[in-house]
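Here it is, the structure, as structure tokens.
When the chains are written out, they are named A, B, C and D in that same order, and each has its own residue count from 1.
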Amino acid sequence: MSFPLLTATAVLPAVGAIATAAVPAARRTAAKWLALLVSLATLALAVTVLVRFDPDGARYQLTESRSWIAEFGVRYELGVDGIGVALIALTALLIPFIVLAGWHDADPLETKSSRWRPTQGFFALILAVEAMVIISFAATDVFLFYIFFEAMLIPMYFLIGGFGDRAHSGTDENASAQRSYAAVKFLLYNLVGGLIMLAAVIGLYVVAGNFSLQEITEARANGTLEMATSTERWLFLGFFFAFAVKAPLWPLHTWLPNAMGESTAPVAVLITAVVDKVGTFAMLRFCLGLFPEASKWATPVILVLALISIVYGALLAVGQRDIKRLVAYASISHFGFIILGIFAMTSQGQSGATLYMVNHGLSTAALMLVAGFLISRRGSRLIADYGGVQKVAPVLAGTFLIGGLATLSLPGLAPFVSEFLVLVGAFARYPVVGIIATIGIVLAALYTLVLYQRTMTGPVKPEVSAMPDLRARELLVVAPLIALLIGLGVYPKPLTDLVNPAVKHTMSDVQQKDPKPDVEAAK
Amino acid sequence: MSASAVHSLWTMASAAAPGDAIDKIDTPTIEYAQLSPTLIVIGAAVLGILIEAFVPRKTRYYAQVFVAVVALTAAFAAVVGLAANGYGTTKAHIAAMGAIAVDGPALFLQGTILLAGLVAIFTFAERRLDPVAHGNRVDSFAAQAGSVPGSEGEQAATKAGFTTTEVFPLALFAVGGMLVFPSANDLLTLFIALEVFSLPLYLLCALARRKRLMSQEAAVKYFLLGSFSSAFLLFGIALLYGYAGSVSYGTIAKVIDGSVQEINPALADTMGNDALLLIGAAMIVMGLLFKVGAVPFHMWTPDVYEGAPTPVTGFMAAATKVAAFGALLRLLYVVLPGLRWDWRPVMWGVVILTMLAGAIVAITQTDIKRLLAYSSIAHAGFILAGVIAMTPDGISSVLFYLAAYSFVTIGAFAVVTLVRDAGGEATHLSKWAGLGRRSPLVAAVFAVFLLAFAGIPLTSGFSGKFAVFKAAAEGGAGALVVVGVLSSAIAAFFYIRVIVLMFFSEPKADGPTVAVPSPLTMTAIGVGVAVTLVLGVAPQYFLDLANQAGVFVR
Amino acid sequence: MNPVNYLYLAALLFAIGATGVLIRRNAIVVFMCIELMLNACNLAFVAFSRLHGNLDGQIIAFFTMVVAAAEVVVGLAIIVSLFRSRHSASVDDASLMKL
Amino acid sequence: MENLIALLVAAPLLGAAVLLCGGRRLDRVGHWLGTLLAAASFVVGAVLFADMLGRGAEERTLSQHLFSWIPVEGFQADVAFQLDQLSMTFVLLITGVGTLIHIYSIGYMEHDERRRRFFGYLNLFLAAMLILVLADNYLLLYVGWEGVGLASYLLIGFWQHKPSAATAAKKAFLVNRVGDMGLSIAIMLMFTTFGTFAFGPVLEATGETSEGKLTAIGLMLLLAACGKSAQVPLQSWLGDAMEGPTPVSALIHAATMVTAGVYLIVRSGAIFNGAPDAQLVVTVVGAVTLLFGAIVGCAKDDIKKALAGSTMSQIGYMILAAGLGPIGYVFAIMHLVTHGFFKAGLFLGAGSVMHGMNDEVDMRKYGGLRKYMPVTFVTFGLGYLAIIGFPGLSGFFSKDKIIEAAFAKGGAEGWILGSVALLGAAITAFYMTRVMIMTFFGEERWRHRATASPDQPSAEPAAETHGEHDEPHPHESPRSMTIPMIVLAFGSVFAGGFFSIGDRFMHWLEPVTRHDHGHSPLSAATVTGATMVVLIIGVALAYVQYGRRPVPVTAPRGSLLTRAARRDLLQDDFNHVVLVRGGEHLTRSLVYVDHTLVDGVVNGTAASVGGLSGRLRKMQNGYARSYAVSMFGGVAVLIAATLLMRAV
């Protein structure tokens, strides 16, 4: 077997995490640099994965397969298709920015006992999450995926609960209580989801006898593995529930606003741009791959839920008083789009959904991180505490606006491509669904522009009058993201070329054909 | 599928025929080699008594610790040797005139018990935690068990530097009993073993240095309820004996599934009487369920766990469970498989109750030891789910779970002994607030144990839980699995609560201090962590072990 | 005489013992009731032994007595120490730990 | 040649990029750079135009395929341009007027420290608008469509420190988004119907699908057009858009962007031809809007808002014409172009007036300005004559043709539409005369002025600062501002005539839009006569009301209609009450629901488990005997159950 590139990509940050955690308390800055370097090295590895991957080659490439727990029929099987590659690249790309953006977030307020090393912990946890996320994107063994799908909750939990946003949310001064509430809520929601999935995973083993995605998919395709309809549906529900919690899909979404609201901006980005993607990714790879029939059976309900998420999330975003909660609800709306695209079961929809995962990662990162910089300056998350920032910090305002425009998927920016694909894909099969979903476009404009207007325009509030503009470090974080947003908006072809073959495979998994246009159908 | 055929799924015919000849009493043959683990431990215990009698007080402690450690190590070596010689698999057979089975499960569990006992002995021997009293280091046991708490007699004893070094022989006796318990092959041996390991435990519970009233209360409760349950067990044995005319597992099994050769009229008469069989079986099972702490026979657990000296609690929670589950497995798989259609539904109820009750009640606990007690109840439920799978996987998964669980438990209780304030161990949860800030390492270790209890992937807890649930599902108990995951979700909540408390809440000013333990406790904790992670990340080897060991001899 | 009657007697004794455990407060008495239960078992063993015409039951009875004796030793030790520290042998007084 | 097309877009795009990212160091040269690039784009346009004239009518279409944009299974979106006569017309209009307005802005924005960014936005707008008109498929058109929306958002809200400006900008974008919804749905429909959304394939295949589909697509396109072109019911944003700097109003909200809707409909002519119902709706929308705008225009005292109303109404004419089908397409575009000239001119004039009057916008505080700013007076006057359709000036030709075409539609519809168009002409004459008189004639109301009327918030920022205190000193604007006005005045005088002589314009566009004359029930002469009559009536009325008696400085209460018209015929109030208020309540209640219901269910479950735990805990009461009881009961149940199992 050749050099285990995927393993290396995942192991590097894991090792880096341990190393970072081991840095002595006094050498805080060293830990930061170490983390940054490791994340960059990981990015380099991810890029090599991207290069080594041949979109038109086999479905799963760079595969690795070792025996792991024969007793449970579990193998250590890695392999990526276009979708996995894209998401691994996204993850590896975002982490350096997250690290850089969170540079000062975990500096201890006052020097506690020399044993207490929050900074080291913070960056170590981020790297740990990266490692686990990469593994779960690369896993082609259901059990392996499940292990890391669950395990990544723990570092995330500590990141949310341990390193909360120092800015007060205004609703309640008792920040730490709120924070641990948010952390516990995050953990319990996802844990319950995961445990229910565990039941389904066990069930799958009882039915299939192993956990290899490829084997099971093939067996299902060529009929050697029969699954009773009801069994398949139950198992599907078990899997889907966990992913729907993670994604999150209405009505399982309420943990996200708390989590994103209470955690620091970089962590919030980590949650919504990286970790939650595992949920949608898993829907595409496992729900559709393992249970095609059940997926089709559940589609109507899921589409309705997705629509609700889109509209409901957007409306709630409009109603928020807290910047970060607003972004959180916006994300819920976007996840609605992604799920819509996945279950529209058309090539456009699924390509769109995949692109959406990447683009949403970038756009939310841009918006949220700038919001984080803004919040860190004023020390408040309340929209009402801002006003006229544009006058004193034009660059900050400008980047914020671009992030916002990306969020409302303005043509020319990356999210537009994916959102339109999703809409077309949904419309092609379910016109009504497509039309209702377009309402999301208008609402997105509403919450974004309202946010921008209230914070950035109008007369300058005295509290913000002295606000400094973006610093070099912060600009270094935002500029590349914006460049990517524009670049992928104007020329998304590389991404689509990467994704299309994988989508074709998924479509064949679920034995779905794109609906023909009337004109051709007529002929 | 005929009863005997099912039976042979997880049992195999033994080399030596069980001695159920009654008319002539032939000279007993004892396979000392195969009983060596037990004999070593018991012998060491006796030696310990002699040490108490003859060795001067100053050196007793060291002598006892030495003897205990050596004995347990040697016994473990013996077990390994036996297993290596294939007594676990091919050469498995019944020794000591049909009294003791030497087979896979027996050896696996004995090994586990011995290791657990060894680690526990380390925590017994810990003398660095309590502040030095009158110039001599003290462990967590009463200076003089007889002295009245708070009396000048007690103070005198402490001043004189008395220590209850009897705990070591007592523990060894208990271990000896536990070694026999899962390998007992007739009901009498079962009962004797039960008593042999129970009585020392009753005493050990009463020996706490701090909070002696609670300790004595725990002992009384444990003793009364324990002997109450063993009375039921004994009556059950009587009835079963009445039914089958023998107490030998093999014979009873044969009688139950009607494959017994010669039937005398009396036997024919009693065989017809299912009431004897069913009531007897139920009572025996009840006796064992009491030991594993299953609902509704669990109520002693929280009180005893709280009152007993923490090292003893750890020892009990780990070793007792292992032994009791071993006996339960053998009973259900070797003696009563013919009855499974009768007891499985009932056990379903017990399992569900145990899993849910344990998890739910734990939520509102405020004392860390009680919390762990309830969590152990919930875990008993999970293990039972594997027990009633009635598949070969059921056996091996339970064996694996027990191995994984016992070390986590000892480790967790060992950590509890470290967190102290003026009144000894600070077991109230509020005291643990902000521990993560004060001493991150200890908090992190404890968090690892809690996550293992919660069954988070990459910890032994997850592998074990997965194994038993998988077995249960394959055994057609899918509903149990669902209930299981739900209750583990509930359980997760309170483990998380403790973690939140340790890491996310501000430390109190009058918070407890974390004692720096001697290498003894450190090894105990270290072993716990190591096992937790190894069994979590790479469980394959141990699963294989459990798999090979997964066949009973009959 | 039909040994079955001895069984009924044994069951009766066992029930009496169990009831005693449930209703009596004094630890000593409770403990005595447990002993009663054990002896009920012994009676049952002997009766069955007679019924089946093999000796196992009678031997077991001896074992049981020994065990009972051991229990007495341990039990009394515990109960006495409890009594000395509380000046009461009531099992209900010993309820520090609850909930 | 076709490779030049990309250059058209590239130049202003480059400008935008450089100016917006360039930073302060470009402040001094920024405006020159921006103007230069706009001009460059115009030059390229001119070159292409010359080249196009050089070729025969049918092979004038150029196309350039840049790259494949979104290639997905069964979905092909390219970045490709197509330059035909229609696009070319727009290119010249956009770059030409655009350049002029760049020049104008140099003077107008002189004292704004953010001038560089202003030019950046202007360039961005040009680029987007060019993409819009050059795209060869609807999706790329959509990009330009939203691009101009963004530019307009940025420019309307250019003075962001004014809450009113920020709000207006947001409103414009949102209302446009509603329109964009229409466009995107239309594109999706095309995709599911034709499997593509490139102009060529779609417009050729219209015959192969049902009229129902075409109608649906048409209506969606109309919705889009309504948004962009401020047609009823999506017109409400245009009035507020006047918060933007005047050059913006001239370029975006008069000459170019707002006419994009007309372009869209004319471009999609084939679709509408196949869907008469959709066409009818289009004409109705046009007719309603032209009256609506005109009426609003009569009541506004804010000079820019009055002009905005007029813009609305003029675009109403174009939409109406476009709705008439092949009869009207050409005239729609022609009016669009002439309107581009004179309305831009009028706005620039208004800007120049405001420039001279300390940014006062209330016409009631003007009066008798003709002798202070002669150039402005003359150019504005010419624009005025052009728009009311004074014989010989551009407006006369273009509008006349539309009215004819409306009658030519035939049947009752024809009569109704025609007469509405006529009525519109009369009102136009009235309100434009009103503007003219109030501004340039009559007494000088800006002297010894009373305090500003409260109900007329003055738009431009300076108004608050020195508007109230010292009275303004009207003066002619600098040359950089007057020259563009003069040029545009020329356009507004001669363009119409130039186009109409020998139906030049018609022949120019025909290959793209096709044309038929229909059969007017009235002769051209009759229509012209009628137009003249209504025109004179309108002017006369206005003269009587505003020329003869003095204009009160504070607006009189006015009739019910007047008051309604001042408030955009209450349409805004409707929006506010129904959409804004309703929306607020909806969101607020949803927030509540999310917190109590969705979250509550979960927390409730947790709480109930906790409660159960509390109750179960009580059973652990510390009494050994009760434990014994539970054991005893337990074993009893165990036995009973086992026996039961055997029994059943």
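By our rule, contacts are C-beta pairs under 8 Å (C-beta built on N, C-alpha and C of every residue); 3 or more make two chains touch, one makes a residue touch a chain.
Every value quoted in this text rests on a predicted model; they were computed, and no experiment measured them.
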{"item": "Chains touching both chain B and chain D, listed by label", "value": "A, C"}
{"item": "Centroid-based (C-alpha) most distant chain relative to chain C", "value": "D"}
{"item": "Chain occupying the most central position, where position means C-alpha average", "value": "A"}
{"item": "Cα-centroid distance, chain A relative to chain C, in whole angstrom", "value": "65"}
{"item": "Length of the line joining the C-alpha centres of chain A and chain D, rounded to whole Å", "value": "37"}
{"item": "Separation of mean Cα positions, chain C and chain B [Å, integer]", "value": "24"}
{"item": "For chain C paired with chain D, centre-to-centre distance based on mean C-alpha positions, whole Å", "value": "97"}
{"item": "Chain A: positions in contact with at least two other chains", "value": "188"}
{"item": "Multi-chain contact sites of chain C, meaning residues that touch two or more partners", "value": "18, 21, 30, 91, 94-98"}
{"item": "Multi-chain contact residues (two or more partners), chain B", "value": "220-221, 224, 228, 232, 302-303, 493"}
{"item": "Every chain pair meeting the contact rule", "value": "A-B, A-D, B-C, B-D, C-D"}
{"item": "Chain B to chain C touching residues, read off their complex", "value": "22, 145-146, 148-149, 188, 191-192, 195, 199, 202-203, 206, 212-214, 216-221, 223-224, 227-228, 231-232, 234-235, 237-239, 241-242, 245-247, 264, 266-267, 270, 302-303, 306-307"}
{"item": "Of all residues in chain D, those that touch chain C in their complex", "value": "617-618, 620-625, 628-629, 632"}
{"item": "Footprint of chain B on chain A - complex, ascending", "value": "67-72, 112-113, 115-117, 146-148, 150-151, 153-154, 157-158, 161-162, 176, 179-180, 183-184, 187-188, 191-192, 195-196, 198-199, 202-203, 205-206"}
{"item": "Residue numbers on chain A that touch chain D, as the complex places them", "value": "188-189, 250-251, 253-254, 312, 315-316, 318-320, 347-348, 351-352, 388, 390-391, 398, 405, 410-412, 417, 420-421, 423-424, 427-428, 431, 434-435, 438-439, 441-442, 445-446, 449-450, 453, 456-460, 490-493, 496-497, 500, 503-504, 507, 514-520, 522"}
{"item": "Of all residues in chain D, those that touch chain B in their complex", "value": "606, 609-610, 612-614, 616-617, 619-620, 622, 624, 626-628, 630-631, 633-635, 637-639, 641-643, 645-646"}
